[in-house]
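Two complexes are shown next, each including subunit A; its partner changes from subunit B in the first to subunit C in the second.
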Partner chain A sequence: MSDNAESPTETQKDDPSIQHAATEQTGASDEKKKIDVLLKAVGDAPIMKTKKWSVERGRTVQSLAQFISRFLKLEASEQLFIYVNQSFAPSPDQEVGVLFECFGSDGKLVLHYCKSQAWG
Partner chain B sequence: MADDKDVLRDVWFGRIPACFTLSPEETTEREAEPYYLLLPRVSYLTLVTDKVKKHFLRVMKAEDVEEMWLEYEGTPLKWHYPIGVLFDLHASNTALPWNVTVHFKNFPEDDLLHCASNSVIEAHFMSCIKEADALKHKGQVINDMQKKDHKQLWMGLQNDKFDQFWAMNRKLMEYPTEEGGFRYIPFRIYQTMSDRPFIQKLFRPVSPEGHTLTLGDLLKELFPAAICAEGGWHQR
Partner chain C sequence: MFLMTATSLCSSNVYMSDSRRFKSYNKMAGERNPASCYLDERTFQLCCQLFLQHSETIQDGWSWEQIKGTDEGFMKKTVLMPVKPSVLHKQHEYSIQDENMVTDDIQANVEDETAGVQAVCEIHAVLRYEYHVLYSCSYQIPVLYFRASTLDGRPLSLEEVWSNVHPNYRQRLQQGPWDTLTQQEHPLLGQPFFMLHPCRTEEFMKPALDLAQAENKRMNYIVTWLSVVGPVLRLDVPLSYSTEVSAPD
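And then the complex of A and B:
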């Protein structure tokens, strides 16, 4: 995975598939190209100032993890672990849209992230 | 379902005969003979191909060797998919043995996950089990099991021990009789030609009226193209 030094504002411009989520949601979820993700920090992981993000369904867990790492300005050596339902770590190539379909609630997918294995 | 021992054994002991050949791109000190191996359908490539790696390392210099990866007719094989799925997806219509090409350099970063050790496979396997149980039982059964029970599940797979595996897996395959089934069926539909890796959605095994649903019902609702108008099956 490529890890360049980028400022947070740059990553948002480079990542049109990840945007701040609108507060109101209308329309059937099947037709929406983006799903709402709520990011929650675990352990000593820094808390994201913006927790709610609108993410394209086809985006993978790995690319979301890379986005979070860049946003939090983590060191290249620092790992990031992502969990669903506070119980399992989805495969890095898993699409967030599929996770939302199966494990979303109240119109959003809650993902916990941490710098070490939490529910390994 | 856990009583259908014959079916469970047939599924567990399914094997695919494979022939591993070193890629001509690799640098060798002498000619490499192909290596033949029976692959368990329910396992993972990186878990069962240590002998393949050892066989080819004998004819190679250490400096020419990086992480081993496998490919079939130009397509890198994703080790984190069960072997049976990989074979059915890529080679089910071809003659046996399954001819797989072995590589030790130019790891395809965009197509494959790295697999540094067996603990990576174990973590992936356990995550799959947990994800499935989240759908079947809201995760309650897997969470109520002890760490040593989880370990036994993994060791059963790693060491190809049907009884050891199913002693634990049977708990994950039970449901209260009054429910009539799991909360949702954990399934994935893989297609050869598709822009997405697989189809995975929520599906209840019992209809709102209380009828037990079949695989055909699931396909009709989520992948109708798999079933012809005449009621037959599409070859996919």
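And then the complex of A and C:
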């Protein structure tokens, strides 16, 4: 999977593997390459205006976290944490498709996120 | 990071809104606070035992080490980990004939331009990481200690350990003005280890604890905590811990 540019000006238009769920083609497909992710803020994390995203199955948690961080314009010193099943942090290398298989329900994967300053 | 006393850690969270702080105060007053970021040692041990049961089931390699003559103990796991040779500093001398480890001078590059794919066949170095999950009485939370060495027993330097911190965390951890990864004497074994400083534990534990409480679910503190800190140091915590390990009664 190719890594996208780390430019802070990158918008989600430059990132075809993550799109608004509304633009995703609907229709029954067993080979659906994207899964629906619902992002929920916890703690003092900013709430994303768009919460539902279509994400390629092969996208890693780290990659998604980077996307959310850029979207929310987090400071360089702020770390984003993502939780699945409410209280478990998936490995940054984990693919969202796998998380969807394990924890998806009603056709979507709910991920909670929060932010904190860098450790130390 | 200034050293916060245990009593001040939860009450002086500057990130909480006033309404949340008010709610927390009411929860804490006079009754067991299920959303507390702190862990008493007994609960720590119970969480570990439940964690270890699942580790046994999936052969994940964790064990409990009891300190003889005390009721103290810790969880331990040793992992052999292939890493890119660039993690290790070249100035450390090692023999190319060493069968356990090769330098990145030995590298086979296979280019397949027609397929547009460059396949790099890189021989990795293998490191031995030993992780210990200890209970900190002063912070009243778990702390991750670890030591790392090459297969021929050479301990890794702090710089080399930094090179192997997961890229997802490395930049921000290094930006911290304080020592996040420090060399510490193991409190129970008295040997030199590295430690991931626990001072920010509350910031990633509290949201998960609050979430669980909002959903009326009890969670296993160690499972949640280790799932966050483990990957920082290349320690994998399989997803099944999330669903198969219960909270202590």
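Everything below uses one rule, namely that the second predicted complex is superposed on the first by the 97 of 120 C-alpha atoms of A that agree within 3 Å, B and C clash if a C-alpha of one lies under 4 Å from a C-alpha of the other, contacts with A are read in each partner's own complex, and residues count from 1 in each chain.
Going forward, contacts are C-beta pairs under 8 Å (C-beta built on N, C-alpha and C of every residue); 3 or more make two chains touch, one makes a residue touch a chain.
These figures come from a predicted structure and were not determined experimentally.
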*subunit A superposed: clash or fit between subunit B and subunit C?*
clash
_Once chain A of both complexes is superposed, is A:P92 in touch with subunit B (first), subunit C (second), both, or neither?_
both
*In the superposed arrangement, does A:A65 touch subunit B (first), subunit C (second), both or neither?*
second
*Report for A:V42: first if it touches subunit B alone, second if subunit C alone, otherwise both or neither.*
second
*Where does A:V84 make contact in the superposed view: on subunit B (first), on subunit C (second), on both, or on neither?*
both
_So in the superposed three-chain picture, is A:C114 touching just subunit B, just subunit C, both, or none of them (first/second/both/neither)?_
second
*If you stack the two complexes on chain A, which partner ends up touching A:C102: first (subunit B), second (subunit C), both, or neither?*
both
*Give one of first, second, both or neither to describe whether A:K34 is in contact with subunit B, with subunit C, with both, or with none.*
neither
*Counting touched residues of subunit A, say whether subunit B or subunit C comes out ahead.*
C
*Quick one: classify A:A76 as touching subunit B (first), subunit C (second), both or neither.*
second
*asked:* Residues of subunit A that sit at the subunit B interface in one complex and at the subunit C interface in the other, please.
replied: 84-85, 87-93, 98, 102-103, 120
*asked:* Could you list, by residue number, the parts of subunit C that touch subunit A in their complex?
replied: 1, 15-17, 166-169, 171-173, 175-180, 196-197, 199-200, 203-204, 206-212, 215, 217, 219, 223-224, 227-228, 230-231, 236-237, 239, 241-243
*Any idea which subunit A residues touch subunit C in the complex?*
42-45, 62, 65, 76-79, 81, 83-94, 98-99, 102-103, 112, 114, 116-120
*Using the touch rule from the top, collect the residues of subunit A that touch subunit B in their complex.*
1, 58, 84-85, 87-93, 95, 98, 101-103, 120
*In the complex formed with subunit A, which residues of subunit B make contact?*
78, 80, 109, 113, 123-124, 126-128, 130-131, 134-135, 139, 142-143, 184, 196-197, 200-202
